[in-house]
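Note that the chains take the letters A, B, C, D, E and F in the order they are written out, and that residue 1 is the start of every chain.
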Amino acid sequence: MHVALHRTTWWSVFAGLLLAPLSALAQGAEELVEVAVVDTINSGDTAWMLTSSALVLMMTLPGLALFYGGLVRSKNVLSVLMQCMISAGLIGVLWVVVGYSWAFGEGGNFVGSFEHVLLAGITPDSVSGTIPTYVFVMFQGMFAIITPALMLGAFAERMRFGPYVLFIAVWVLVVYCPLAHMVWGGGMISQWGAIDFAGGLVVHMSSGFSALAAAIYLGKRKGFGHEKMMPHNLPLTVIGAALLWVGWFGFNAGSELAADGVAGLAFLTTQTATATAVLVWVLIEWAHRGKPTVLGAATAAVAGLVAITPACASVGPGGSILVGAGAGIICYLAVTILKPALGYDDSLDVFGVHGVGGAWGALASGLFIAEVTDLGWGGQVWIQLQSIIFTAIFAVVLTLIILVVMRLVLGDLRVDEDAESTGLDLTEHSETAYSHEA
Amino acid sequence: MHVALHRTTWWSVFAGLLLAPLSALAQGAEELVEVAVVDTINSGDTAWMLTSSALVLMMTLPGLALFYGGLVRSKNVLSVLMQCMISAGLIGVLWVVVGYSWAFGEGGNFVGSFEHVLLAGITPDSVSGTIPTYVFVMFQGMFAIITPALMLGAFAERMRFGPYVLFIAVWVLVVYCPLAHMVWGGGMISQWGAIDFAGGLVVHMSSGFSALAAAIYLGKRKGFGHEKMMPHNLPLTVIGAALLWVGWFGFNAGSELAADGVAGLAFLTTQTATATAVLVWVLIEWAHRGKPTVLGAATAAVAGLVAITPACASVGPGGSILVGAGAGIICYLAVTILKPALGYDDSLDVFGVHGVGGAWGALASGLFIAEVTDLGWGGQVWIQLQSIIFTAIFAVVLTLIILVVMRLVLGDLRVDEDAESTGLDLTEHSETAYSHEA
Amino acid sequence: MHVALHRTTWWSVFAGLLLAPLSALAQGAEELVEVAVVDTINSGDTAWMLTSSALVLMMTLPGLALFYGGLVRSKNVLSVLMQCMISAGLIGVLWVVVGYSWAFGEGGNFVGSFEHVLLAGITPDSVSGTIPTYVFVMFQGMFAIITPALMLGAFAERMRFGPYVLFIAVWVLVVYCPLAHMVWGGGMISQWGAIDFAGGLVVHMSSGFSALAAAIYLGKRKGFGHEKMMPHNLPLTVIGAALLWVGWFGFNAGSELAADGVAGLAFLTTQTATATAVLVWVLIEWAHRGKPTVLGAATAAVAGLVAITPACASVGPGGSILVGAGAGIICYLAVTILKPALGYDDSLDVFGVHGVGGAWGALASGLFIAEVTDLGWGGQVWIQLQSIIFTAIFAVVLTLIILVVMRLVLGDLRVDEDAESTGLDLTEHSETAYSHEA
Amino acid sequence: MQLIEAIIKPSKLEDVKEALSALGLEGMTVTEVKGFGRQKGHTELYRGAEYVVDLIPKVKVEVVVKAEQGSQAVDAIVGAANSGKIGDGKIFVLNLDEVIRIRTGERGSDAI
Amino acid sequence: MQLIEAIIKPSKLEDVKEALSALGLEGMTVTEVKGFGRQKGHTELYRGAEYVVDLIPKVKVEVVVKAEQGSQAVDAIVGAANSGKIGDGKIFVLNLDEVIRIRTGERGSDAI
Amino acid sequence: MQLIEAIIKPSKLEDVKEALSALGLEGMTVTEVKGFGRQKGHTELYRGAEYVVDLIPKVKVEVVVKAEQGSQAVDAIVGAANSGKIGDGKIFVLNLDEVIRIRTGERGSDAI
């Protein structure tokens, strides 16, 4: 949205990263990109954004919780649900305390500022665009809740709860908020002119690549490769995928921040890409493995939703079919060919779906762009690529740094072997999911 | 809504049916009913229609999927979920490619046209009434997804997945889109002056009667009548019914295409009729069988929702109580008396709930009309009856033709006996719903 | 909202209570508080209120049904689901027939009137504030459905279905509608100037205190204290809590009856208080019992939502953190210390969460008020206290009277010992929740 | 007295029950089990990977009979559960020292 | 040594466990089973149709004891599980050739 | 013929299956059970209250073998299921009077 005033190239960036927080605070006001403020609230736009905010929370709770919860073994389902709940709890508070300001406060290239800590300076009368600022804060807050929760699928069934809690808190401040600022808060990536309407870079690539790093760093599950680790309850997973699909309309069409024609476009491309991804994945699996599976369809739906996320307002209906078809093909390959080939244990395929799907979508936002920007088609595609590479490196490097430091300070981030075999529900939470005593 | 310009009677229609597609294309523009187009988007109406579209998808995924999924045996639950998922995938794509145009493109008495194939000619700036056309396309698309999925309950636990996929694709083009055009796209039934606000004819009767035909054509489940075929998970069914109820407000009040007083009326009649149906069914069952059941309550809720669907904007609060009470009584009788008496195996009572309930609702739209139209009370009731009879015959005949042709081309549409006894989850999808290994 | 015209003190009230229905009818029109009526419908506000109404239904079905259903033993899950369904059915009808009028018809200090029986005098064109009156009727109707259903958790696993049905019908007319009138319909408590934005008094305290009375009156479950009565399916409970959380945005932000800045504030405080409550409860439990549980997190979410309900528009973001933290601490103590100490069998902690949380929230609405009213800070707190005490006594006394009379008329309100041991699903509803036969 | 333990296909349970009832044997205890044997398991797909599941759902029927009814009961089960396909199952016959009916304390054949 | 197999009502499990513990028998294995016998099943409703469900949930308790403790154990179970109502269940006593404790390889009475 | 009944930890099932297969014993029946014994149960939390759950998930493996293979089979199970920790489980060996293969009607060792 914000045309680049001064261009920064991604390779010049990494060096300055550690200084970012300081430099951000030191930025002069003249470098800040002003958020356009219209004085009046539009009740229709506000109605849609209130609804969208609720829908995006529904994506995490119960959507993602069930999607992941059904896929793990029954002895670990509560640990997954709990990790989603605590993301809503912890990040829900953190966002209001500092996250929002750190991401969307007026800042510099990399991060916002502390001006709106505890939402200082924002009142019920504050307006962002045509909606109350409080609603904008909430809509963005729901994004901040789901993004770290997306990662947990990669290291499910083995991470200790305590370190997980600390990890997501730090990750949101160190990885998520800066990326949100760079892309949506007027920072560097937005200045490049990159397209990321609803979060292919900020949400899906960031979580997908960080998740891969964390899964590899934590190591494989005990018995991985030998034991069958089948989903314990696929209907739960299907409910989860379905609620993710429904909620995603808030995520994507809500990112327009208004109930208008572009929101309609985003809704339509979201639906069309997702439907296409389901169809394509199911057909490929049918041809490749002889049977179409419901888990395939559910996974495909999420892959399609991920891929269209950055692109939903820049491609047209036809483009959205291509985005969805590509997601179906590429994510299928990532999950069934790439993962076994490389041998990492990304328990629930966070990387294959969110990392790969998010990158594909970010690229496709340029590839299939409906109305070419000032950058030109080639220029746009190049900027998209640059943003993809930057985001991948940024997420992986910072995630590894966080984990290494945590490891040094906290000791083992994993449960021990006995606990892994007993299951995290009992050992981490002293609970059992199902009990059928009379 | 569209007052009849030239009247066609239903008995003169069947002869011309095979020619319909051709004649439709040949229709002159002067016969087309123009959709009123206002230039500006109303953000409040748009907000409500974006929400409604999401709610209607939620009716299928996860609503209907769970409602049906809980009722089958545990060895078939995934097959039901998969059939719902693929309806969203396949019809989701088909709708944008051709379905929308075929139903709502300017056409003739029976079908639309191909003018909007791949949504040609529609942009984010296109407006239908007071909302973006894209939003209208999506709202209607969600209807096209749920309608074929409704049918699957009738032939659940026995149909092969491949033929099912083909069947719903053809059925949407041959049965659903024409009916949608006839009723809502300015075609024949709308010209008669029939009332079908949200789809008693188009959605529920069409699917209910087609489902009955398909269930009879495919034959009974192995063991039907001997084996107990009890629901494997009633809580899933209750969740499904609940989400159908919630989503149905989008379906019915959304059919006003605006957030206004009529939407409020439709919301209120929907709620009241449904509540009444639940109460009445539960009381009847209590008196008749000695116990009130939760499956009865859930079924009653769906029956009430079905019945009020066509009538929700033409009856008042009092009328909606009558519609709901009638649905409770009539559908109870259809399910508990009619079905055993006739002996067909409509696995999950699609006919008894949607066919019968839809017909009752379509009749009741006239019977309890709040403001009599130009047709007069008797005239309206007669037109309603005529539309009901036409829809029933249209759906049954075309469904049988489709199935007979498919049978000739594809061979058996059912799984074999062994597969039926093993369960479709394993044999059609190579998956197991629940696995509780340690 | 309504500044007190003539002040009544709570201690002068109880004497007059039995005369209330009569006196209400006899009230002269000059005492009635006029509802502000603007002539035009705002489509944005209407869109939000349609959505909110659907969200509040979703709180009961499937939200509350699952939250409670997962917590009982598997032999009783359907009885809980059924009690929620019938609340939607029965109260859904009752509300339109008489409840709305009795609560919101123009009346006196204690109750409304019968002027709008069967919604007489209300048409699709009627407007309340900026939304169609029908929408207001529905929004309030969804509140009337969830409130009695909240109580069932207290006497779950032991009450007969028939008496339950009668009890909630009478309770809605005798306890709920009068309280709604007193607080929101211009009656006594609103005249005192009490703050209860979305129902801390009307919904949560009323149900929580009534539930405690009912649980004690009905007696403990057989085996209480000896047998382990563990939740049979915690994932269901988590889904339920999640959907309650999502739906609660309709409950709280919807109570503004418009999509504006105050709705945004209410949304934000709801989210922040709930997140804080989750965080605080989990930390306390971790410290106190050594493990953080997912049931703790789910319970905390509901406690936070309850507590912020009355306060959501009168406190700011910082205040909402205090409200949530207080809810986490106080409800934790109520559930883990108070209940065992006193020994009553409130099966699912309705009192500990809704009664105590509602009272805390009602007090906090004054304690942490952002903009002091004419009453002054101390005056407001005092009025809040007075309202809390009044509501508690009102609910407990009337509930006991209802139950005692029912007991005299109907005989035992509980199932017998054999039925309790077999489970209510079979004995009251002739159904089994789960069946895994091949 | 004998304890007859039959591992059968779940779909044959109803038939076996009827066959035993026809002999006047109106008591039995049924357990859901999983069996491993000659019958091939099935393949399950999980995100494109194939897994062989070789533990197949079976039902175990336990019937206690007087020694003299043993062979009759075995024949009845074989007759009802036989489909001629691999995986039809096995019957194990054990000698039983004592049977007690909890309700009455009766012992031996009377307790069956 | 003896293998005592008791089919009891699920609600009696806790009492049986306590009764056995009181004898110093602190090991047992419990299985959820369904029983068919004299106790009438219940009727279930399914959309207005009635079905009789005659397989009733029971619990099977297996306890291995030294031969000399057998009758004591049986009496304890009868005492704890008896409610005097049809369906209280049965106890089957089998002779056991050998018992092995997996952890230590101990055999015979020591392994119990 | 012998009926070997082994109560093992669920996580050892795969190993036991492989150990038996290595002996050429390719049939077994598996049941999910709960065990009570020396192994301490775990504590569960329920809204701040603590409950001890002393019935621990175990798996029961039943294998029928010719008498002469009995001790081999027992050794194989012990070898595979032994982790040296309390709760590894027990093996019970019973004498079996007769085995019948339902499909063919074969009896005795041929039916195993």
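One rule holds in what follows: contacts are C-beta pairs under 8 Å (C-beta built on N, C-alpha and C of every residue); 3 or more make two chains touch, one makes a residue touch a chain.
On a predicted model such as this, the values are computed, not experimentally measured, just so you know.
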Required steps from subunit B to subunit E (each step between touching chains, minimum): 1
Lowest number of touching-chain links that must be crossed from subunit B to subunit D: 1
Distance from the mean Cα position of subunit F to that of subunit D, given in whole angstrom: 18
Euclidean distance of C-alpha centroids - subunit A vs subunit E, Å: 52
Overlap residues in subunit E, where contacts from two or more other chains coincide: 11, 31-32, 44-46, 53, 94-95
Residues within subunit A bordering two or more other chains: 42-45, 47-48, 51, 228, 230-231, 233, 239, 259, 289, 291, 293, 295, 429-432, 434, 436-438
In the complex with subunit F, residue positions of subunit A that touch it: 226-227, 421, 426, 429-432
Residue ranges of subunit B touching subunit E (in the complex, touch as defined): 228, 230-231, 285, 288-289, 291, 293, 295-296, 299, 332, 335-337, 340, 349
Subunit A - residues contacting subunit C, complex: 41-48, 50-51, 53-54, 57-58, 61-62, 65-66, 69, 77-78, 81-82, 85-86, 88-93, 96, 118-119, 123-127, 131-135, 137-138, 141, 161, 233, 236, 239, 259, 428-438
Subunit A-facing residues of subunit F, complex: 11, 14, 42-45, 53
Subunit E - residues contacting subunit F, complex: 3, 17, 26-31, 64, 94-103, 105, 111-112
